[in-house]
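One structure is given here, and the rest of the page talks about it.
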């Protein structure tokens, strides 16, 4: 219509905002990571990688993601298919499944703290069942495995919802006729799931997995609430470098490292789960 | 012949069993989601002594000792207020910047449109809270450090892409013809937007505003990095994790969770449409 | 007085040209139908007149006023959209009143006009309802009432009946014709349905690939297509075309029949005849019957003539069977000739 400038006018605030608060700080992070006292250097990365905690944090973060994400994927698929077959109470079930979506990671950590703490509900339950006679320290510095399990459970509990919602929305896009056709041709429910749902759901699976993996690398508050310093992870270490150790440049290097593996995995899943344009619904 | 008869009898039986299994699994999954929240609330509604006692009761005693301790604890009221303030600012900023962009994307074809979309989608591959680190320095220089607006700006980078994509799909769902009809009936572009598009999009915009509010309300890392005196509730709780007593943590956790439950309930109708679309 | 003049209007979308320099004048109170297949540019032309699209070049005049730089609201038009565009958050009353309120007419005047047009469109009992409570046909009536209430100089209609089912379309068509004739507005009506075009139009502008191929009265367009496209597009079944070879004396030989024809320096031109304009007899075009379809009042016979498809509509009492050899005699005054290169009528 009149004035080709209108769309640009409407986009200007958002664009300016993203430039100032997204692109610019990103450039700053990159700059700080590669400089120290005004000169270009890779020292920050050397310091980062040289820290005894670094391999542990990398291992913990990756291991946590590797355990959590596949379980979440299966659970999200289960939730999504279950809900789609439900005749009554569908929206109630969906709402309940989606609740953790609105809960912060810190709150999720605290919720599971109520269960795993020494005076938590798990100890009471176990003693009621007669398994133990005095409370066990699940989250002590010696019990790394139970901390890991508690964090993993809290993460699974908290962040399955986001995958479920994406998958439910994706399943809604698959026309019913495909299932009916498959049924007519004699496909069992399981076969229909494997042959129809999964392939047609691939774009949604792709976004769900990418989003989830990136969020898994950012795990922070859940660990802080449950494990404290006993289960160091990447984001927690970054926070440490920034505040406890007061070294901005190494913190920036950490940030860049997290960014690098995030982008690496994004590209990986974009490639592996790629759907050719002509094969989309 | 007999196998057919058997099958036709067996089928409804099997179907019934399958249904039971389905319902049982759904209920189990609901319990999995709800039980931990319930337990947190039990703790929040118990006296400080009961929280640390062993063995514990699985039902709340409705003693408000923990909660009143929490509310009266130094800094809590202020942190709550800061959380609300930052989240409100984030909501206003992300809708104020995002909705015009969403409208532009839904109604115009113009050079640069794809570049903008790419910029928005790119934010998703980034661990955005990390950007708070360099901004902390920038904010000190500009006097935005430790202010609600400073943190709200960072939270807006998280919420803005969603606001853009959600409002884009909202506006796309309203036929252009309605707007054109309004123009032919004597409206200017602005009048047509106000009289036709806005009333139709308002519930959705409100839902995405609530969504932006929730994103900010829940954010921990950037909040902890950027605030010192003016801590939000999440930052406050994170700071005091080490030293504060258990009952304070649980009461704080409940204070975080309850509003979130209400938010999610308020936007439940839009949850799937918004997430489904925003993440495609 | 609202004569519409479209002068050398062209529209390009990137490298695609939707309209090539269109010239068209629509007289005051004339009912002009833009007819063409989808993608021919008819809707684009209508939207340019409405002001919803800006032309890449050219001028649009309405009632002696140049309007191509004015927004839709200043053009004195009203429009009926294909999907009706009835505002879902307003009642039927408020929908019809919408434009009047924008004009800031006094409440009494608004009510009067809304009630009048609602009565005219037989929707007076629906005024309190919302769009969601209406059927497709009722929404259509609201959309037309909303346009009429404006008492515009010009009404623009973009395929207004295409979303209705067949029976309703027939009913609305007759009603529209009556209402619009009574309202004395100038109308531009876009459709791809030739029957609709024939029944409604004072004049039809047949469009093809961004050109107006012919703009004439319905009968003229049907009887004397200006180009091969018009003949093949209008009429169901469409016109038959057979190559004609030049005979020695300047007449033309068509499928075994020699006919007098136009003077041309070409060796072959095209002979054209409508299916209903042939009679089965003892002489005429040599035809072999391929398919026989009795349609009740008459019989549609698809034949092979000179290796090409030829359809003839014959009296239903003529008995033909597949494989029969027929002689089809064209009515001399209905024969048309086309230049095979320019495709224009000769």
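In this document, chain identifiers A, B and C correspond to the written order of the chains, with residue numbering beginning at 1 in each.
Definition applied: a contact is a pair of C-beta atoms (placed from the backbone, for glycine too) under 8 Å apart; a residue touches a chain by one contact, two chains touch by 3 or more.
Predicted, not measured: the structure shown is a model, and the values here were computed from it.
Q: Quick one: most central chain, C-alpha centroids?
A: B
Q: Check B-C against A-B and say which one is joined by more contacting C-beta pairs.
A: Answer by contact count: A-B.
Q: At what distance in angstrom does the C-alpha mean of chain C lie from that of chain A?
A: Result: the chain centres lie 58 Å from each other.
Q: So how far apart, in whole Å, are chain B and chain C when each is placed at the average of its C-alpha atoms?
A: Chain B and chain C have C-alpha centres separated by 53 Å.
Q: Which integer distance in Å separates the CA centroid of chain A from that of chain B?
A: So the centre of chain A lies 15 Å away from the centre of chain B.
Q: Multi-chain contacts in chain C: which residues touch at least two other chains?
A: 52, 71
Q: Can you list the residues of chain A that touch 2 or more other chains?
A: 1
Q: Can you list the chain A residues touching chain B in their complex?
A: 1, 4, 6-8, 10-11, 13-15, 17-18, 21-23, 25-26, 28-29, 32, 75, 78-79, 82-83, 85-86, 89, 91, 93-107, 110-115, 117-121, 123-124, 127-128, 135, 157, 162, 165-166, 168-170, 172-173, 203-204, 207-208, 210-211, 214, 217-218, 220-221, 224-225, 228, 235, 238-239, 242-243, 248, 251-252, 255, 258-259, 262-263, 266
Q: Which stretch or stretches of chain B touch chain A in the complex?
A: 22-23, 25-26, 29-30, 32-34, 36-37, 39-40, 42-43, 51-56, 58, 93, 96-98, 100-101, 103-105, 107-108, 110, 112-113, 116, 119-120, 123-131, 133-138, 153-154, 156-157, 160, 164, 189, 214, 217-221, 224-225, 234, 237-238, 241-242, 246, 249-250, 252-253, 256-257, 260-261, 263-265, 268, 271-273, 275-277, 279-280
Q: For chain B, which residues count as touching chain C in their complex?
A: 175, 177-178, 180-188, 191, 196, 199-200
Q: Note which residues of chain C are touching chain B in the complex, please.
A: Counting only chain C, the residues touching chain B are 50-52, 71-73, 77-79, 81-83, 85, 87-89, 98-99, 102-103, 146, 150, 156.
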